[in-house]
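Quick one: the structure is below, and I'll ask about it shortly.
In order of appearance the chains are A, B and C, and numbering begins at 1 in each one.
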Amino acid sequence: MSPLAALEAILFVTEAPVPVGELAEVLEVMPDEVERLIDELNSNLEARGSGLVARATAGGWRLYSRPEAYPYLERFSSSATARRLSSAALEVLAVVAYRQPVSRSQIAEIRGVDSDSALRSLLRLGLIEEAGRLSLPGNPAVYRTTPLFLEKLGIGSLDELPPLADHVPPAEVVGALEETFRPGVAEGA
Amino acid sequence: MSPLAALEAILFVTEAPVPVGELAEVLEVMPDEVERLIDELNSNLEARGSGLVARATAGGWRLYSRPEAYPYLERFSSSATARRLSSAALEVLAVVAYRQPVSRSQIAEIRGVDSDSALRSLLRLGLIEEAGRLSLPGNPAVYRTTPLFLEKLGIGSLDELPPLADHVPPAEVVGALEETFRPGVAEGA
Amino acid sequence: MTYHVSTAVFEGPLDLLLQLITRHQVDVTEVRLADIVTEYLAYLEEMRRLDLDVTSEFLLIAATLIQLKAHALLPADAEVDLDEELALMEERDRLLARLLTCVTFKDVAVVIRHRMQEANRFVPRISGIDQEIAVPPPEVVIPADAEGLARIAATVLAGPKDEPDLDHLDLDLPSVQAAIDELRVRIAEEVTTGFDSLVAHCRRPVEVAAYFLALLELARWGFVEVSQEDWMGEIEVRHTGKGVGDLGDLTSEWAAS
């Protein structure tokens, strides 16, 4: 069997993205050669009008169906298509992504509300995981995102998260809020 | 997207073989056409030297890795990526640990989704094993954890598994502040 | 924790406050503090009547709001205690900082949802190795300890019902808030588009209705302009150029559904 065919079989059976280094070991070729084989695989897939594509996510490679096939997959099976996260779960996920490692009470401080059920959902879905415990009373756990989160977001590493600064409200909104909440004579005090 | 590419995507993501009739419905073509497409898919796969093949088993079709890939997959199965349990597998392992002996359909009922591939992974990794068969139609197998599971978890016997009751999420403790502030709120309103 | 009170659905006191601010926003640079404080306290009173859990968070923020409102009512030449004044300003700054942080994360969460939806269309195979591998791998890695496994078991055995905030795309009614989130990103990208193309992927009338409500909501906030040549004509949708970071876009009565 050619290394190309073996590469495709591995990217097919894997349950998580496989780093280039591991592929090189299994295929017994140099990492450069792995990258070349992946390129060749993708051009082969493309040329044959295949419904599959090899993608790099979460620091590794894996085969996926092409997005154009998604409507068929939705029709075919509901389990192949992902469940939708609630707005609350998504907000908690955003806080964990940018503030990790972060504790339950730190998340509650930012959101102004307890987020236990959202946290449980995210843990269960494998998008976040425990990353140790704080040496505080009660030894609260801290959480971080998992490689699965990166894969589900389609990015290679946390560095590729959208910059948080781009999402701070614009100056006019901040100004309006400050104006609203300013005590009458605060300026003079 | 061509019906051929859509067919390939479906046979790729499916966990169980898909009958021709179901493929015809999803692809909105006649069953004869499905058979023709499968033939075309297999000659395409062959022509591009793919590591995959579409095969009919148990009344349906599905993509498989080619048998020649075996030595590579064997080596891959001991790579870091393949050795790490997925979150689905971890969930199934937790269910088997606390409910053993337990059958496939009991696990599916508890989790609310089919767990076949996670079960297969756990069996392959030697963390669970068959523990006999139920005297029900089809004689379904029941599963239990193995000594390897105890060793990996660092406990001597199943009795040392932490009791479940300890992990029910605690009820929210409302601070004493509430009482302090309540009269103020009522007055202000 | 989601609160359903009167017509509002909110996730805790910061979310409630943000919703009230949006509702009482005259334009983007003017918000009426007095209205917000009165309504905020009215919600707390109603929550108490409904026996909902009015947590200390709600009350701490209420205390700050009451003080700010009282302060605003003082005559300009009134004598004030400088220490009290400084303490109040600190409280105010803390509240503002929390509101802005909360808004920032709500905003970036929308982008994360969008990215996940895009990535979600690439579906991986999850069936694992399909050939019988004779030799078991030497060193399986269980990414949890005994305590961790017990926690997972407790959650799983509690059953799928334990996850009220997971809804299934195909079964549940569409969420207007989700449609708002999605349209905001899509319209910002496409600038000018038609309603028909925005709902091209919908398969049920009820989904189209959700998008229509979402579009009305976006028009109300000035995020989009909507026009229609005649009553049977295509509904044209234009992005007004207001940023996705705008406070007004973030909260609505459809939130947290």
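Odds and ends about this structure:
We adopt the following convention: a residue touches a chain if its C-beta (ideal position, glycine included) is under 8 Å from a C-beta of that chain, and two chains touch if they have at least 3 such contacts.
Bear in mind that the values here come from a model prediction, so they are computed numbers and not experimental data.
With centres computed from CA atoms alone, A is the chain lying nearest the middle of all the protein shown.
Pairwise, the chains sharing the most contacting C-beta pairs are A-C. Per-chain CA centroids place chain B at a distance of 32 Å from chain C. Centroid to centroid, with C-alpha atoms defining each point, chain A and chain C lie 20 Å apart.
Residue positions of chain A touching 2 or more other chains: 12-13, 15, 63, 65-66, 69, 73, 80, 114, 116, 120, 124.
Looking at chain C, residues 1, 55, 123-130, 143, 151-152, 155-156 sit in touch with two or more other chains. Residues of chain B touching chain C in their complex: 9, 12-13, 15, 63-65, 67, 69-70, 73-74, 76-78, 80, 82-86, 88, 90-91, 93-95, 97-99, 110-112, 116-117, 120-121, 124-127, 148, 152-155, 160-164, 166-168, 172, 174-175, 177-178, 181-182, 184-186, 188-189. Chain contact summary for the complex, chain B toward chain A: residues 1-2, 4-10, 12-15, 18, 22, 26-27, 44, 47-52, 63, 65-66, 68-69, 72-73, 75-76, 79-82, 84, 86-91, 113-114, 117, 121, 169, 172. Across the complex, chain C meets chain B through its residues 1, 41-42, 44-45, 48, 53-56, 59-60, 62-63, 66, 123-131, 133-147, 149-160. Across the interface of their complex, chain A is touched by residues 1-2, 11-15, 21, 25, 28-33, 36, 55, 57, 61, 68, 71-74, 76, 78, 80, 82, 85-86, 88-89, 92, 95-96, 98-113, 115-116, 118-130, 143, 148, 151-152, 155-156, 162-171, 177-178, 181, 201, 243-247, 255-257 of chain C.
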